[in-house]
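The structure appears below as structure tokens.
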Amino acid sequence: KLGGGDDEKAVQGSHFSNNFQIAYQASSASELAFLEYLDREIAPDHGITIEPVGIEDGNQLDQATADGEYIANIYQHKHWLKQVIDATGMELTALGPVFQWSYSMYSSKHDSIDDLPEGAEIALLNDPANTAQALWILERAGKITFQDGVDPWAATENDIEDNIGGYEFTYMEYGAGPRTLDSVDAVIDYNMSFVDAGTPDEYRIYEPDAPREFAGQLVIGTEYVDDPQVEKLEEIFFDVRVQEYLATNDDPNLSGQLAPVSAE
Amino acid sequence: MIEISGLTKTYGPTPVLDGIDLTVGDAQIAAVVGPSGAGKSTLARCINLLERPTSGSITVAGQDLAGLSGGSLRRARRQIGTVFQSANLLRRLTAAQNIALPMRHQGLRDAEVRSRVADLLERVGMLHRANHYPSQLSGGQRQRIGIARSLALQPSVLLSDEATSGLDPDATRAILDLLTGLRDDLGVTILVITHEMDVVRGIADVVAQLDHGRIVEQGSVADVVRRSDSPLSRALLPMPAAPVAGDLRTWELRYTEDEVSPAWLSRVSRELGDVAVLAALVEESGGVPVGRLTVGLDPLLDERRVTQVLAAVGLAAEPGPARVDDARPATAGRTESAA
Amino acid sequence: MTSLLATPWADVDDLLVPALGETVRMVGIVMAIVVLLGGPLGLLIFNTSPLGLTPHRAVHVSISWVANLGRSLPFLVLMAAIIPVTKLVFGTTIGFKAAIIPMSVAGIAFFARLTENAVREVPRELVDVGLATGATRWQIMRGIQLREALPGLVAGFTLNLVAMIEYSAIAGAIGSGGVGYLAVNYGYRRFDDHIMIACIVVLIAMVQAIQFSGDRAVRALTH
Amino acid sequence: MIEISGLTKTYGPTPVLDGIDLTVGDAQIAAVVGPSGAGKSTLARCINLLERPTSGSITVAGQDLAGLSGGSLRRARRQIGTVFQSANLLRRLTAAQNIALPMRHQGLRDAEVRSRVADLLERVGMLHRANHYPSQLSGGQRQRIGIARSLALQPSVLLSDEATSGLDPDATRAILDLLTGLRDDLGVTILVITHEMDVVRGIADVVAQLDHGRIVEQGSVADVVRRSDSPLSRALLPMPAAPVAGDLRTWELRYTEDEVSPAWLSRVSRELGDVAVLAALVEESGGVPVGRLTVGLDPLLDERRVTQVLAAVGLAAEPGPARVDDARPATAGRTESAA
Amino acid sequence: MTSLLATPWADVDDLLVPALGETVRMVGIVMAIVVLLGGPLGLLIFNTSPLGLTPHRAVHVSISWVANLGRSLPFLVLMAAIIPVTKLVFGTTIGFKAAIIPMSVAGIAFFARLTENAVREVPRELVDVGLATGATRWQIMRGIQLREALPGLVAGFTLNLVAMIEYSAIAGAIGSGGVGYLAVNYGYRRFDDHIMIACIVVLIAMVQAIQFSGDRAVRALTH
């Protein structure tokens, strides 16, 4: 059942009902598992049910959130969000980070990032935020440097000053990562894709801590910032039990894919 | 009433019709004959404006079709029935549905359509194939459905382009009876394009011969048949093949008067001696006897006398030779084998 | 690469059955719109062309141009470009309803061309029959051109229907669901092999059934 | 040589051909006539195996086509030229290319193809339209290209389905000359399907009448024309329309002997008094005179004597009435107006 | 909605020109394969059908089934399913080369149906001419069926060509590049309006030009 909050019986004084429709990126099993956890363990304490709504197209998902069709979404980090807002003028507000996606380098040919040969071909996700995040990982690993004044959260290949490893970059669609593994020297992609694809853990050759910069945000339409139901939303998502669960759970759909928000 | 004047039609540089003047009176049947490619079908297509004339004017029942458009053009066209040279039946409709189509388009009531269709199917002898699709019909059957369809809207003018070409003599006669009936009882004006000269003799009031886009001869059928050496006249009443005459001298005879006594042959025998009838086509056409014969006479007879005696009974006579296949047409193939 | 996380076979139905329903509903509604608008558009394109009933260069060029628009853009881009319209009509840019407009636009453009191609094969002489019997343009188009082109139109319809299933998979990105989308999302993105296999089987069966029925209909209509 | 025995063809429940036995000898021209829908085209299509017979056998030049397949069937078919009832020209090829097609498929050299095509175009009088597409040709022109194409591979057997139906008399004669030439010079065996009885009389050696899928009559043309009251005989040599005879008694006469003196009319006049020739069709067909006449005689003459006198000169006589349009065919339409 | 992140107009060329080259090369190669294999496949499907030259139920059903496979799956799923083949042939599963196989498979299946539909419109009597004159099956197919269906085939080719541009946009997912992909990725995903506008203009112009040339060819071939 899709559609806006006004389809439901809205709570007095609010745009939303007690059934919170939360949009997530449909191909992410871990985001769904996370929302199901909230619905099961946290939301009942507030008299709320959480209904996850999977939408694959991030742009459409944000648009619908801004329009108040869903009370919130949880698929993007703040840099992506900024970019969306800058580009489209959508009125969205981030309430704060909720979890982090593990983002790693995988290879079926080489055993560690240092073993990558000169001129290695590395596949990156083709959307800007994920490209930037991958380059940022390489920069932190000391494999490339950025030009002065570049915002690392929006960096592209053109912003590289020194490509120390002499890497060649190839771009791929979200979902192609594990399938591309055999065709390139290394792939930088979300762990959840590889977990889904059943890629052996030993192919994960470089696994930096997920930076807080790229934590997944709880995003709502700016118009609804003062909505009474949004208060409840925050209470649920920022409940202390949540971060602990993310650190300790053994749900195969969640563990190793979504991590607690890190300090830095 | 069809009045055509100065009609010219060209495809690119070549004129296909070149200054046609032709009038067909009310309740008349006009036949248009002429060699293949002469422009007969094009003429018919110009009359119902399927082709737009390059120049000249055509009026049908007093209306100049080229000046009409939209609804009035459609109304005018409904008054003109057309039998196409190649039946042109809709492939996805049965025989009956093909006949019904123009009526349905005109918005006739269902019951009316059904009864007219049944009537038309019967007239063309096709009731037993009413529900066959064109692909399940023989060539002649298709043609008959095309004829029935052309009459669906009870037109006051009928253009019939080789309607009977693929039909057997009995079916042809039935169709010709149908056409003469339309003319006589309903005053329908009919333009018949045909290659069958017996059809022309059988039903046409007037005839026009087209060649290379021009009318080379025209007139009432009775006149043309009895006029002298004109090619159309010979074509209309062709001389049958005659055997060689032995030691006799061959003569070609032609009825020229309206009142030729049928007993002329017996009478002429009494004056000229034995008349050997080598070939003959004698019949009644348009209420008068017409005929063409090849006869053999005593070679010693005086030419002038022969001519006079025959003229006295109403026949023109010319000395032979008269073997038909000596008069080869321009388009003739040689009789040798295909190389 | 066999997924460890594949949906258990027993649960596949729970996803597949509603998705199948969504596909049928979505494609069904879209095809109705496509036939209703794409057919006439195709007729118009053909009949304003030099081979048509009422050639008219300016009109032909412009509507042909408009119809090409619907096929010029990658479907994802088309969906994005159409968002303002979608929003205006349905008040939402997400889900089943929102998918219908871009799918219809692409489908109409496609079916218009298929219709044009089918009608072009109708012998000119049959149109002449209509003209000679004083039928209106509309009667000629409906009673002669469309009817005579029927087998070709049905074949085109079949082709279009299958293409719409493909588009519905892309439209899944805006939450409209459907089997194609299930295959892309669960099967392709999430590596859920069970769902993937089930979807593929259903899709193949569906296309096979459509093509089979289409072929039969075409043959039945060919006399 | 075409030998057909026990040939049956059914479409669904309806038999279209029903036990046909027919033999056409080498270098013979056989004509098949019969009403529209009788099964003539189906017969032709069975001979070259475009339709597979339901039962019965057909051998062409000693070969049973139904028993052949692949290359040998193709070779056999190349020996059989076919003129289709509706020319069936390829729409995307010009007239010349249509004629060339079978030769190209057979792999003839370019120069050979070109010269044969030019020759064939000339034979059918179509050189001037060589580069026209079928849509730019008239009906008769298309038909002539179809005829030329049927001869492209120099077949030893020719099936001609109403090849001359849409042609004017001159073009028809040219085509018939072409066909007889093929028979006489190259020994081609020809099956002609036609509705034109003068074509049958003009070129056929034997004739068969088909009706409702059965052969109801067959024989040599000369025999059939002179045999008594058979419908085929009447159809082959139809009695022209005759005027009413006034106070004379009408008689129908028919040539029955090979040796009828052409002067019989003069001689009979001497014995029976004036013979009024009301209608006559007399000609040479297959080397012998054939004829049918309606004459008026003195009503007081003794019937037996008239018969005897005429029999003596080689004619059969039967008392009239003989107005042709009294003998309406089964499929006739009524002459009333279209309702 | 003007993007702050748009590529400067002056630099648009640097992305667009190579992308255009990629599209032309990719679609060009694919169409060559599609015509070479899809055409004969379509002929075979038609001629083994009950309306064809040599009806053969078993063969017809099986090849028709195989051809349907290529159209049954959403293109993204088809690409994934075909990866083993792609890998075997080209040793890689990404980039320009890898896109060619799945695009060809989908294109062949599509063109086979278009060919079948075009050939079905050739009057049976013309095939009879070939049979009666002792032409081989191959000669009949080539010299009669294909030649007579030429306008329909060209129209189908045009349709197929445009569809392949759409597919090339999806094939961008495995890094094959092209204008369609540029539009999806830079234009749509990255909100780069300049690139988006440039791509849309190029795509529209391309499709328009294809359709225009196709229509002219069809008319020139129709006598």
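Note that the chains are named A, B, C, D and E in the order they appear, and that numbering of residues resets to 1 at the start of each chain.
The rule we apply is simple: a contact is a pair of C-beta atoms (placed from the backbone, for glycine too) under 8 Å apart; a residue touches a chain by one contact, two chains touch by 3 or more.
Because the structure is a prediction, the values reported are computed rather than measured.
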Joint neighbours of chain D and chain A, given as chain labels: E
Comparison of A-E and A-C (more C-beta pairs in contact): A-C
Approximate Å spacing (C-alpha centroids) for the pair chain B, chain E: 55
Separation of mean Cα positions, chain E and chain A [Å, integer]: 36
Whole-Å gap between the CA centroids of chain B and chain C: 54
Where chain B touches two or more other chains, by residue: 86, 136
Contacts with 2+ other chains: residues of chain C: 76, 80, 181, 184, 188
Overlap residues in chain A, where contacts from two or more other chains coincide: 59, 175
Chain pairs in mutual contact under the definition given at the outset: A-C, A-E, B-C, B-D, C-E, D-E
Parts of chain B lying in touch with chain C, wherever the complex brings them together: 48, 50, 73-78, 80, 82, 84, 86, 88, 90-93, 101-102, 104-106, 133-136, 149, 152-153
Chain E residues touching chain A - in the complex, by the definition given at the top: 1, 3-5, 80, 83, 87, 92-95, 98, 172-175, 185, 188-191, 193
Partner chain B, residues of chain C touching it in the complex: 125-126, 128-136, 139, 143-144, 147-148, 150, 221, 223
In the complex, chain E residues that touch chain C: 49-51, 64-65, 68-69, 71-77, 80-81, 110, 113-114, 116-117, 120-121, 151-152, 155-156, 158-159, 162-163, 166, 169-170, 180-181, 183-184, 187-188, 196, 199-200, 203-204, 206-208, 211, 215, 218-219, 222
Residues of chain A touching chain C in the complex: 2-4, 26-27, 29, 53-57, 59-61, 63-64, 67, 69, 174-175, 178, 193, 195-199, 252-253
